[in-house]
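Alright, structures below, take your time with them.
Here come two complexes built around chain A, the first alongside chain B, the second alongside chain C.
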Partner chain A sequence: MDRRQLLAGLAALAAGGGAATGTGAFTSVNADRDVAVEVADDASAYLQIFPSGSQPNAQFASQDPDEGVFFDFNGSPQDVDGVGSGQSSVYEFRDVVRVENAGTQNAFISIDSLTIDLTDDDGSPGDEGSALVEFYVHETAEDPSTDLQVIDGSNADLVAPVGEQRAIGVRIDTNEEGTYGDIEADVSANGGSDTTTLVADQTASSNNAIDPGLPNPNSVSPP
Partner chain B sequence: MSFDFDGANTDGDGFNPNSVTVIEDLIEVQNQGTQSAYLGVDLSDLTISDGSGNEAGIELAASIPDDGSTTGQTGSADDELAANIAFQGSGNAVGNATSPSSYELDVGEAVHLDLTVDTTNFDNSDVSTTGTVAFIADQTSSL
Partner chain C sequence: MNRRNILAAIGALGAGGAIITGTGAFTSVEANRNVSVTVEGDANAYLSLDDTGNANSKYLNTNSTDELEIDLTGNNSTDAGGTGVNADAVTVIEDLFEVRNQGTQEVELTVTPLTFVDTDGANTLAVLAVPDGSFPTSTLSTGNAETFSLVVDEFSPTDADVSIDSEINFLAEATE
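Presenting the complex of A and B:
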């Protein structure tokens, strides 16, 4: 798999009969079968990924119908006064995006964590440390006092039952000392070094499959 | 038999853009004839385009459990898949396929096919298409 791109692999089972079968001898069989295919945007595809509706932290995510979800914590597109995460800090943003499995089988979801080089005042990336961006769920969605689990496929995977939404949060750790300039990360599906990968698979990558249950509210619509 | 990936049977409307989707064990093909046959799949009449000149990669691959019989292949079923493959369309090569090939199906043998659709180079979503897939079983390999 090409892990440079936002990747949504959803294995599903569709049982079918024999495609080219017979009951006797044949020299050659050529059988045409019809296929109908649609490519939908992320908010309505088999694996739906979209900002968390009217939830407060949904404003840190946006959705391009063609490119998919991207996260922006640099303050520029949101209706907030702050312009970014503080230095030497850990920020947790609950319920930024929702995922909904609109396929035919339950799936395990993981999202790669990112280490993003920070840009200092002269625009040179990496001179002043980096920020760790992780995607997480609480063990119980409606109780933020329960343990936080990073769903990076190594620490944990998120269980995504068919037809139900799950809320995903973002944690940003700027614990390295330094003089920070702008923190910019385009976590979109356009490629580049700041692109993360989401995987939905029939098997969990880790030994820690977390099903936090339905968030509150149980279901939101894409903004 | 027909294939519907347009949301007719699911809540989702279709494949995600900018993604690779694998549908395992989509169909089974069994040779119920009296002689072994070479199975091939022609995907040339199925093109998924984003309307801007970019085509999705499409692959139907034979899923062969890894029994260790293929020299140099160990471990997962994917390893075996890479050795035996696969029938892909005119779009980008996807999955483990390196070139179109046929699979010799012995009498009574069944093979399961996995579908892979690669839309990572799409610039647009909300596109739909129809086409056909040709399943070919012949006494000689045409690929």
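Presenting the complex of A and C:
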């Protein structure tokens, strides 16, 4: 080996210092790794929420690209004359939306109940009363005669196994307040709106985790 | 050290094999010594990047060269068909991955960035990598690991096109 080669060897060994530490006692490791996150709409996200396909009550829910799923019990369903809930009544709308857990582990789902203060035709809130809106499942999904359980995370939570749909109904109770002001006979009924929150978690916030099983039909497609 | 550095080092060490012959006062000695270096996938490397063995490992991927990726996209759909995080929601992926010191001395781990943000008008997608132990750096003795969760916060008052396609850097340096 001539001197030139020797020097080259020294330089190479110095440059290769990192390799010596690489045999166990690493001095420094620096690694870049990819991170990619996309946002999916409600029908294809890890937690999927969508109107219940062609089920009759699915028409009370819609899917909006901006807002996600929203419920509307004010308008007139197709081919029906009704334009809203009556006063001093309890309405139950079964299987309005479906949730499907497209994550990787079972989850417990709860949806906040809402007390919506109603306003009359001119938009002014007053003694027009309020409506309690709750989200529920039947204890056995395929049997509507079984008890209804409000999945507000306090009374009960809904068990959502991976890859299966669960049907959620909406209950509107207008019994809570005594008066509903001057509700006119026509379409100028009292109304109101609010936003609820759905939570899917690894633990149930209530002590009452309900798995009603697959609804009938077991699976519907997002409209 | 990234793969390229390791490979460069291997090359350098090969070239430097002759140095052993240069240290003695011989006209010529030739001695061969074995040097073996194995390049491992992330899970088995001296600085191990791996899932934590829970169900959330589905949100990780390994690319063609065994490098770990955090992939919450339609390219890495869940078995149940989920293709991304929900809009207008906070998604928490607990204990998504861990960084383990499988070397021989204590290191200080720095992970950057810990936040990723994309905006489109008021629409915002924010991703936070949250270490379970200490923040912003972790001291890892041999065999110990730091676990990271992912918090994804999405707010989109209008139909938004926000996404993250970025890199996260892991730097581990010996404390002594």
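Simple rule for what comes next: the second predicted complex is superposed on the first by the 167 of 223 C-alpha atoms of A that agree within 3 Å, B and C clash if a C-alpha of one lies under 4 Å from a C-alpha of the other, contacts with A are read in each partner's own complex, and residues count from 1 in each chain.
The criterion applied here is as follows: a contact is a pair of C-beta atoms (placed from the backbone, for glycine too) under 8 Å apart; a residue touches a chain by one contact, two chains touch by 3 or more.
Just so you know, these numbers come straight off a predicted model, no measurement behind them.
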Chain B versus chain C as contact partner of A:A36, first or second or both or neither: both
Which of chain B and chain C A:T27 touches, first, second, both or neither: both
A:G68 touches, of chain B and chain C: first, second, both or neither? both
Which of chain B and chain C A:L47 touches, first, second, both or neither: both
Contact residues of chain A, present in both the chain B and the chain C interface: 1, 5-6, 8-10, 12-13, 15-20, 22-42, 44-48, 65-68, 100, 102-104, 163, 202
Residue ranges of chain B in contact with chain A within the complex: 1-30, 32-35, 37, 39, 45-46, 48, 50, 56, 110, 117, 119-120, 122-139
Touching residues on chain A, where the partner in the complex is chain B: 1-2, 5-42, 44-49, 65-68, 100, 102-104, 163, 189, 202
Residues of chain A that touch chain C when the two form their complex: 1, 5-6, 8-10, 12-13, 15-20, 22-42, 44-48, 65-68, 100-105, 162-163, 202
Complex interface listing, chain C residues touching chain A: 1-2, 5-6, 8-13, 15-19, 21-22, 37, 42, 45-47, 49, 54-59, 63, 67-75, 78-89, 91, 94, 103-105, 107, 116, 125, 127, 152, 154, 156-160, 162-174
